[in-house]
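Two complexes come next, and they have one chain in common, chain A, joined by chain B in the first and chain C in the second.
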Partner chain A sequence: MNEKTRNEHDNGELLRIEDLYVEYVSGGAVSKAVNGLNLTLSRGEALGLVGESGAGKTTTALSILQLLPDHVGYIRKGDILFHGESMLKKKEKELDEIRGKKIGMVFANPLTSLNPVFTVGHQIAMGLKKHHKLTDKQAEEEAAKLLEMVGIARYRLNDYPHQFSGGMRQRVGIAAALSCNPELLIADEPTTALDVTIQAQILEIMKDLEQKYNMALIMITHNLGIVAELCQKVAIMYAGEIVEYGTVQEVFEHPAHWYTYGMLHAIPKLTGPREPLEPIPGTVANSQMLPGGCKFHTRCRHCTVQCEKEIPKLMKINDDHYAACFSGVGVKKED
Partner chain B sequence: MQEPLVSVRDLKVHFDVPGKGKLHAVDGVSFDIMPNETVGLVGESGCGKSTVGNALIRLVKATSGEVMFDGKEILHLGQKEMNEVRKKMQIIFQDPYSSLNPRETVSAILADPYQIHKLARGAELKAKVKEMANSVGLEDYILDKFPHELDGGKRQMTGIARALALQPKFIICDEPVSALDVSVQATIINLLIGMQQKMGLSYLFISHDLSVVRHISNRIAVMYLGQIIEFAETDTIFSNCMHPYTIALLSAVPKVDFHDRSKRIVLQGDVPSPIDPEPGCRFAPRCPMAQECCRKESPALKEIAPGHKVACHFCKEARQRMLISRAG
Partner chain C sequence: MKNQRQHIRKRLLASVFVLIGVTIVVFALIRLGNGDPAAMMAGDLATPEEIEDYRIRMGLDKPLIVQYFTYMAGLFKGDLGYSYVYSMPVRDVLAKRMPQTLMLSLTGFAWSTVFSIVFGIVAGTHQGSGVDFAAMFFAVLGQAMSTVWLGFLLILIFGVKLHLLPIQGFGGIEHLIMPGLCCGFGQAASQTRLMRSSMVDVIHEDYITATRARGISRKVTNMKYALRNAMLPIVTNIGFAFGKLFAGSIVVENIFNWPGMGNLMVQAINSRDYQLVQSILLISSVMLVFGNLLADLLYTVVDPRISLN
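Presenting the complex of A and B:
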């Protein structure tokens, strides 16, 4: 570990993604899923990663865990540092020690991420036996406690995933991801498949855990409301780049990128007067044929010549707010 | 006083589940839709909201009840008469990927309604298809494309154009924007509102997304396990709803508003099975204020203020008590 990384490590930095480029190849066509992404996450910090489908949110998550599909997806450039150490240089055996133990992951669809032929108790206990070297009996007891923590009675330990409802399966997925007290939890749309009242149950559990265990969280979602309730920081993604980053309130109340502004104005509100919606023209950029310059410029009403030619970098607006936009939303930028 | 365009009385749809009993998907639903009005139908998955829509247009068979459309009872019409009714009554589905024939081009899809009802052919048909496509914002070059070549928004526009082709009076919109990204969703919502104003349409807007329903609806019906438990003007539902389920549902939606940090009411447990439901209020097992009588007697949907109907024995106290428990 060199001097620089050690210092940042001491500052409470848990994860750093540096200039990450990820591509997928299929049938000779190259999809540029992530294009120069930079991101830092401190210990205990909850970050919302927001964007529409195809923005590269899930790809970013899979890259962190080195779970990109073999032969199809690969990291072309950049680095991912966890505790200051590169995840890219680690051997499979070392990664096994991190996955599930230090970094937990909750997937969008609990029916496909749980194994149908094992009981939920077995699946929650798996990580405990592997990483904490518990005996079968101890692991079972721990698994029962985890189930209770997410609001499922312990007698259901020996039931199979198909015997649970969607919301309960997702809670099982969360219990399994949390079994080894990870320092970082990556949750990929954990409530998208669930009903509102069940979603509320899951969000309460996650909020609780965040506070209890000082766990860092990357919450991948397209739901801005969830970010507002659960996260301190938010990163808005578009076409594989972070276009805006900052504290949630600052970004949502004073958006400085036209894409963020557009998204906030395209969503119907739950309170206040019902105003006409302003759609964002066009459709999400095609990752196989990305436009030059700012990737959003083809849909932006405020596009300038500069936007068509130059890729904007994240620029500082204030300590809590960065945006990659040349013609920001009427916000005076400092240099 | 205007006559309602659609009038549903005590609609029931029950399905046989072999070996398990009867699934009460829709269990005694009544409501009216006025001309040029949008009624939102909200509820969680499995509450029967889509089945209501499908039963209205007779894609599923109603077990009992009455549906009046434009002054005519339609549940018992013969095939021929029902085809006539379907010119005036159309449906838009959630998934534009599966509701468009993958082997037809957009122009063929849009020509279908005219051909089925023998309303146009040849050059006239071509002109009508083009006019319809343009009116929803589909450019001419899209007409020669197949559904798989289009993005979700354009596909849903095709579904809307098809539904509008025969100048209907009433459209059932079954989660029409749920599968779309937010930036595209706004385009489709604006299109639906625009078309309503232009053509004087009525909508039954089925959705689980409360903010979308609030945006588009004049009145809202809230469903729980096959029954309507509250029905009122949109603003009443959002500012003064009375049923404990509606109160909890609204509080559960994550909000972007930083000034409203009121606490969520978290309901315990899951929605119970609709197969041979227990007597009494369907919501009682999850209701924070359920009493003995709630488990015995099912509350009727009663008008408690002009235009505001609630099905709860304790609706007068619900709001106050739920909000106190929230503060405490």
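Presenting the complex of A and C:
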């Protein structure tokens, strides 16, 4: 695509996911991980993708990079447009030019996401050598700078992952993901495997870098506090769909989906009188046997006949807020 | 580096003790079996006096403990003893047989190593494909089939029916094909399976997805970043295989009448040629100990997590 046609597409939109369906097939069982997901992300925008374990967050991330496990994960329907171009239609070679260079990814578990038999320097530098065609020496120098940027001394460049703590390894993972200045960083629960004090460090680093590089961020998490800290927009996922979407302030202050409402009320408050927490009853919908209608209806206290029959679409509440709930808008008034 | 040298020295010293242990066991075991070497040497028509005469000449009249220390004293001087059956020093007997055995077992070792690694990688990176199926079929077949049966099968097909290859003996390269194939067959099969499953495991690791997410192509990811991890169990296995080289050739040499040490050992046991048997077993023990040491050291080279201390 030449510059002119690209500019026509250029309305600040970086990534658009259209009606995405992803399935995992193993041993005859089919898990519907993502079911009709729609999402748009602008340049430099930070989006929090929130949901329980099994909501399809990681699957969405891997779909964007076209890295679903071979012969197991399949995109059944929909499209993923990056800069207006379909990621699904790209050849492996073209994808390799996007992965790491334009889209970086930080993985959930720093203990398993670094290769144990290569030095951290090598792993940070591999993207640089591939995408920026740097020599070994230049790449090493760059890697050292990146390491310092995430707060690790440069002399540790030739150490192996096992010589680092979990928090440091995650910083290495972040340095590697950022090595080529990506336009989009996907951070898949980057703090879940770390303890609380280290979480704060990692978030601090991510916040700094987000401002410094002006990149777009998809922050996958089930921690609403992280979203409030880092993101402007938030998308709430349930059973492979986005059930609520909007600015962080709007969604957190005026939740319009009963699932979001439930999540926000399941968080203990540190100040004020103690109130009993309201858990969301039941467990996450089984992706191999999804209920019909609204997938949350089996756990919803406000379920109607319509909820059991029809699948709610994302409906506009105002310019900054969308929700897919037939009975939920009333939450706003009640609250 | 200093640690490495220190470690090697320590391991070598330990190996010496292991080998001394081996000499004791071998020395005792062969004498526990029935049969009298003096009677065998003297022949069927010998009188008891003649047999006694042989016993004294062979030093077998002395107490066992004295015999053992005489043997060990010789060993430390580099003297492997004397073969009464061949009427020459054990060293000379072995010198004539060793090259053939080395040729045979190294052939088996080389082809099985190369073949299993290549086949295993292809199968592991193409899980569920035809190649993968073929690899698994080969692995099951190779592990289930005994070398003896395979040897006779090969002889029947390529020797007797097709007249393509000589059925026994030593000579040109055509003599090496069937025994060499037999020698590495079991190893190739089990190692193919190991390589495949190791590759499959590694490919599904997070760090491989992470590597791909950095834009590294599938090919480079598999051949560089996954392979190095997948090789870890293979390296140990190769070390062990190297140690078992001689052991494997015993059966094969006897099937194909290959003039090597395996063949020699069976004859030596049958004729109660004590010192020859002791030496052959000692040599294969040395190989085994050395193979394990090799595996250990290679491991520290390919896996930075294994520290030598």
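Points worth noting:
The rule we apply is simple: the second predicted complex is superposed on the first by the 320 of 335 C-alpha atoms of A that agree within 3 Å, B and C clash if a C-alpha of one lies under 4 Å from a C-alpha of the other, contacts with A are read in each partner's own complex, and residues count from 1 in each chain.
Note that a contact is a pair of C-beta atoms (placed from the backbone, for glycine too) under 8 Å apart; a residue touches a chain by one contact, two chains touch by 3 or more.
Owing to the predicted nature of the structure, the values given are computational and were not obtained by experimental measurement.
Aligning the two structures on chain A places chain B and chain C side by side, free of any clash.
Of the two partner chains placed by the overlay, only chain C lies in contact with A:Gly100; chain B stays clear of it. Across the overlaid complexes, the C-alpha centre of chain A sees chain B and chain C at an angle of 80°, to the nearest 10. In the superposition on chain A, A:Gln199 makes contact with chain B only, while chain C stays out of contact range. Once the two complexes are overlaid on the shared chain, A:Thr271 sits against chain B while remaining clear of chain C.
In the superposition on chain A, A:Leu65 makes contact with chain C only, not with chain B.
By the document's definition of touching, of the two partners only chain C reaches A:Gly127; chain B does not.
Nearest C-alpha atoms belonging to chain B and chain C sit 10 Å apart in the superposition, given in whole angstrom.
Across the complex, chain A meets chain C through its residues 62, 65, 67, 69-71, 92-93, 96-101, 104-105, 107, 109, 112-118, 123, 126-127, 130-131, 160, 162, 173, 176-177, 179-180. Chain C contributes residues 127-128, 204-218, 225, 228-229, 232, 302-305 to its touches with chain A in the complex. Of all residues in chain B, only 44-45, 151, 153, 181-187, 189-190, 208, 210-212, 214-216, 238, 248-258, 260, 264-268, 270-271 touch chain A in the complex they form. Residue ranges of chain A in contact with chain B, taken from their complex: 52-53, 151, 165, 167-168, 195-201, 203-204, 222-226, 228-230, 249, 252-253, 262-264, 266-271, 274, 276-280, 283-284, 299.
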